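Okay, structure first, notes after.
Chain naming follows the written order as A, B, C, D and E, and within any one chain the residues start at number 1.
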Amino acid sequence: MIVELLIALSVGAGLFGVGLYGALSQTNLVMIVMGVELILAAALVNLVAFWRYLHPDEPAGQMFVLIVMAVMAVEMAVAFGIAIARFRVRGSVEMEEARELKG
Amino acid sequence: MSELSQYAILFGLSIGVFGLVLSLYGLARAIGRARAEPGKDVPATAGTLSRDPVWVRYHARYAGYALLFLAFDMEMAFMYPWAVVYREEGLIALLDMGVFLAILFLGLLYGWSQGALRRQ
Amino acid sequence: MTVQMIFLAFFGGAAVWFGVVVFRTHSMVRSALALLFSQTAIGAMFLVMQAEFLGVLQIMMMATEMSVMAIFMVMFMMDPGGMGKMDMTHQKRLSLWAGGIGLLAALLLVWLPDWSPVALSVPGAHEQAADLGRELLGRSMFIFQSAGLTILTAMIAATMVAIVPNAEQGK
Amino acid sequence: MSILVVLLSLAAGAYALAVIERWAVHGHLSLTGPAWAALALLGRESLLARKSDRLFFELGPVLLLVAGLMAVAVIPLAPGLIITDLATGALFLNAALAYVLVALIMAGWGPNGAYAMIAGWRFLGQFIAYAMLIVMPITAVAMRAESLSTVEIVTSQEQLWNVLYQPMGFILFVVAAMGLAWLPPLDLPDATGELAGGVEAEYTGVRLAVLRLARMVIILALAGATVTFYLGGWLGPWLPPWAWSAIKILAVAAAMLSIGRYMPRIREARYLALSWKLGISLALANIFVVGVIALVVPI
Amino acid sequence: MTLAGAREGAMSGIRRAVAAAMARDLSAFVLPGPSVARAMGLDLAGSHLRVVGTPRHANVLILVGPLPDGLRDAAAVTYAQMPRPRAILTLGAGDIAPLPDADVSAPPTRAGLRSGLADLRRVIAAGAFRTDSGEFTAPALEVRVEYTCPMHPEIIRDAPGDCPKCGMTLVPRETASDGHGGHGGHDMPQEDRPSPAEHAHAGQAEDAGGAGAYTCPMHPEVISDAPGKCPKCGMFLVKAEEGESHGHGHRHGHGGHGHGHGSEAHGAHGAHGAHGHGDHGGHGKQQDHSGHDGHDGHDGHAGHGGHSKAAIDGIEPHFMSMVELTEGQPRSSDGLQMDWIEVPFGPFFPGLPAGLRLTLTLDGDTVAGSEARSLVGRAELVDGPQMTAGDFVGRLAAMMPLGPVAYRTLACAAIEEASRADPGQDARRGRAAAVERERIASHLGWLAEFGLQSGFLWLAARARALQLAVQGADIDGIAAQAGAIRALIRRVETAPLMRMRLGRIARIGKDAPASGPVDRARGVGSDARAGDPTLIALGFEMCVREGGDALARLRLRCDEIAQSLDLIAAAGRIAVPEVPDVETVSGEGAATIETPRGAARLRVKLTDGKVVEAELDTPSDVNIALVETVTAQRELGDALAAVASLDLSPWEVRG
């Protein structure tokens, strides 16, 4: 069983790496969101793996997963909301062109 | 039947569909191949040969709904487990979910009042 | 048990591979759907890990959310068809390093500790859903309501920034 | 064994449905018609558009078929006659049918044709309209059955079918299901008079045959879901359970296929607005009403 | 007995079975359109074949009546896009070049249709596969590959090579072969050349070269650098900018020819960069953005949108600016600027009038611009000095396949007016009834098309059946159908979702010029019948509906059907007019008839019994101008329903 746990956690690590690369390298807000989604997905995998192999009798572990899923959805909604607003004002959601956001 | 074997059946069925479709394609291929001719591979647009690519930044007019949907959709994740134990828990479940849904419905009402629920 | 391992590795590999495809393809729709299939593979992993409710939920939620994401991708990315094969990245070297280091660190964290003992059995699928329901209405009720508030906030925030109120009624 | 039986009855059902569809849409009843049509499609060229996304184009119909089949897998035809009795069957049905959307987006985007692309994105809009109305009525059904298993849901209706217990949910679910299967009057993504075939516009030959088969399977799955959730599944007097399932499923499918003949197609903006303003409110009310009844009356 | 469009392969085994299946399962695409077939009394959909909306799903191309010149290219495209095996059935069509010879020909009658289909089934079953099938090609389908420099779009060569300016390798690009016009002056200075993207438009004659400033409005492929007459139809050539209404400046910059900064070696350029926005001519929307380039390199820097614009300050130079791509575009109602595409809906689009090329510029699924153009517009009415009255009447009626009786009546009335002849009261009544009968048939035909378009299949089937029953029926036949027609109308009025579908779309203000039912459905309006004593004596009262939207039009047409039934019953006889005997009369006369689509006015001049001059105003001439109004900023489905609600006849439009 421990091998499965390690496989699952390694997948989580892989997704985290890919997501981190994506979030940093992409120039477009929407693509950055995809990177973040992958990072959150890595968290999901880890949470489920921990629940399954460490605390299967603890439903709170599953509760965590639900919360992370909710965070994914919420993050997307807000990010796309910002993207629309940004695009309306500036005609672009490229982060390089969004520099003045940082002030 | 254990749960894992059920998933295995579902997985096998999915693979089976691919097999079925591939064999159908093979049969069709046995009948003949498509012949390349001028104009044939251009997407059909009502008798006009329109060679322009159409993959463009598409203006989805339902973006407002889509935004609300992204968030509102999450509600189901909580509702299903709740529904399963609803009769067991009784009134508390009704009240609890009532509050939760009321909160979400507030968000919907806000979006509605601001004009998210219309064609943009 | 080995069958479970193989499937876990298979779906895990698929998830990571699709995750890589997200940033490797030029077509935005492909990119969004690659993310979708990555999430679906993760859902399948959940099923292999016998978290049936979560797995099915993941498979469903991500299909819908990522499809909606696809339309936003198409709206806001230049050349969504990827016909120009343009490069949309910056600080590539930095990102590669960061991603690589992140991966290594995470792997170290995974492989170094001793995780044993691990549980061998899990509650049945129906029990899981029911337990989760009881958890929602019991100890985690406040967490659950906070999630509701978070979603409400997100809805309001998204509406506030994105929607121009009283715009010309575009019926 | 039961898997084979279900698959064979699925094939028979799909064929019967194709006969019904030709009758409903083209007005002539022919028992051999669909067979000839399928064979003819097999013999036609299956074209590929150039500059297209071939992967999506090829995968669209297949994914559609997979989604339909997965949905069918959790529909019980009789006690024990089900492919997989998942504990989360009702949710799984939803999950499988969510991929209809993915498949249509692929099929729409794939060929790089204007009609198909618009149709694909249109279906996404339609999805946003019907999605909540599939999910929320099912919640109310699960509340009564205290389970997500489709078999449990059927047995929970032994005393009273859900169509009488929660008629509002039934109506919402059927309308949403018709949207999911893009049946008229909700056939926005393949509207003949608006998009000349829409998502199907670029499919020819054997690929079109697979697409149409998948569509039939999806309609059957939705009819099966309606029967399971609201019309008591295999329950019924006199006849054996499988016969009841078959009769009910085909009747519901036929009704869903033919109802669109008698009204014009609804506009997308209207459908979205109706679903979100009226539909979701009604669905919430339905949940509330079912909740109160379930606490008061012990059936 | 083999098909011209057969598939490759020997007829054996499974192929025989497949061919037999295809013979049973006919899917037909009808040219010019099912509405024309119905107007000729042919019931295609009731003949055990499926009428489909796209050539992709068809295996039979049915040509009804003679193929108009303006539709030949479109017919070739349609045929080319049908998957093999494909067959052609002609019903009363003569020369159908550039299509291959018809596999089966039959006269355009019900019996002919029946026997033609039977023959067709035999031919398909026997000859769906053959080993020597030829390739189909037509001038409209030809593609020319040209080579262009990614840096210098003005360099266009017919052969691969290097750019004379910068030495880069030229990249290939597909463009429509313009066949007739020649392609002079490939190396003109940039200012004089339209951007190459403009070139890339298929089959259209905006020839780049500077030569060919004059073109035929009917035959865009005809290009001349001097004014004159079209060799195909004899019409006067017009200046290309004016006449070429369907091609102005599509500046889809999808040529992969953006400009980079600096001259380091670029990576491979994709064939297509992002593509921009149809610059829809005639709207004054200026958005001359060109494609940004398709750049693959990561160390060089990509070009950016807009020709040789400097990088925006503060943005890294390698970065391709989306701001630049989107700036200057007209804003959508929600302020988001997306790409626009030009999508043709027609000439063969289900639910729209056949022969009407409707090109919509789509911003998502919203119509940002539209252009309606008839490909089958009428030519000169008088085509020679020796045109007898009979010839003239016949020609006019044949020109209008969607309303032959009304135009026949109109021609007869105008000639009688010119010759001061009086047909007598009985004849007038008979004629009025004949026109009313055609009105019923035409409105029912419109209902059938509308039913098809809006997915109201019951209506489509029922209206189609009734239209065919009414067409050519005598007074008793009409009386026999009256009950069914009235029932249909009631059903339409009370159909669920109808108001939701049509209400408030395609609204036309009271001051816009409009004719016929479109006019009368907005509370005001005129009707040529209101001044006709014959009709007033029969009890005519003008139908008017308030609203001015598509729903009002639908209801008004229903009202008119009901009234026409009454008028026919009151008239007591139906008589299509005979050609008046004018012998050697000279004179001028005019007549106005309320055709099903609105008032048509004809002025003729007779000299020695010959028609020497004729001038016709038709309702579609007026109504086609409304297309832009009713589609602007509408959702696609609404826009198409709006165009359909105008009930245009492209044949009536001046060519």
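Descriptive notes on the structure:
The rule we apply is simple: contacts are C-beta pairs under 8 Å (C-beta built on N, C-alpha and C of every residue); 3 or more make two chains touch, one makes a residue touch a chain.
Owing to the predicted nature of the structure, the values given are computational and were not obtained by experimental measurement.
Annotation of subunit C and subunit E: jointly contacted by A, B, D, touch as defined at the top. For chain pairs C-D and A-C, the one joined by more C-beta pairs in contact is A-C.
In terms of the distance between Cα centroids, subunit A is separated most widely from E.
Farthest chain from subunit D (centres taken as the mean of C-alpha atoms): E. Centres computed as Cα averages put subunit B at a distance of 36 Å from subunit E.
Between the Cα centres of subunit A and subunit D there is a gap of 32 Å.
The distance from the centre of subunit B to the centre of subunit D, each centre being the mean of the chain's C-alpha atoms, comes to 13 Å.
Centre-to-centre, using mean CA coordinates, subunit B is 15 Å away from subunit C.
Multi-chain contact residues, meaning those touching two or more other chains, occur in subunit C at positions 4, 27, 50, 52-53, 57, 61, 64-65, 68, 71-72, 74-79, 81, 83, 89-90, 92, 124-126, 129, 132, 134-136, 144, 147, 151, 154-155, 158-160, 162, 164, 167, 170-171. The multi-chain contact residues of subunit A, meaning those touching 2 or more other chains, are 27, 66, 69-70, 73-74, 76-77, 80-81, 84, 87-88, 93, 96. Annotation for subunit B: residues touching 2 or more other chains are 3, 7, 27, 31-32, 34-35, 40, 42, 44-46, 50, 53-61, 63, 66-74, 76-78, 80, 83-86, 88, 93, 108, 118-120. The chain pairs satisfying the stated touch condition come to A-B, A-C, A-E, B-C, B-D, B-E, C-D, C-E, D-E. Interface residues of subunit C, counted against subunit A in their complex, comprise 1, 4-5, 8-9, 12-13, 15-16, 19-20, 22-23, 31-32, 35, 38-39, 42, 45-46, 49-51, 53-54, 57-58, 61, 65, 68-69, 72-73, 75-77, 88-92, 94-96, 98-100, 102-104, 106-107, 109-111, 115-116, 118-123, 128, 131-132, 134-136, 139-140, 143-144, 147, 150-151, 153-155, 157-162, 164. Against subunit D, the residues of subunit C that register as touching in their complex are 27, 29-30, 33, 36, 43, 52-53, 56-57, 59-60, 63-64, 67-68, 70-71, 74, 81, 83, 124-126, 129, 171. Across the interface of their complex, subunit B is touched by residues 7-9, 14-15, 18, 54-56, 71, 74-78, 80-81, 83-84, 129, 135-138, 140-143, 174, 176, 200-203, 250, 252, 254, 272, 274-275, 332-334, 336, 338-349, 357, 359, 363-366, 635 of subunit E. By the touch rule above, subunit B contacts subunit C in their complex via residues 3-4, 7, 11, 53, 55-61, 63-64, 66-78, 80-86, 88-89, 92-93, 96, 99-100, 103-104, 106-108, 110-111, 113-116, 118-120. Contact residues on subunit D toward subunit C in their complex (touch as defined above): 51, 53, 55-56, 86-88, 91-92, 94-95, 98-99, 101-102, 105-106, 109, 112, 121, 124, 127-128, 131, 147-149, 269.
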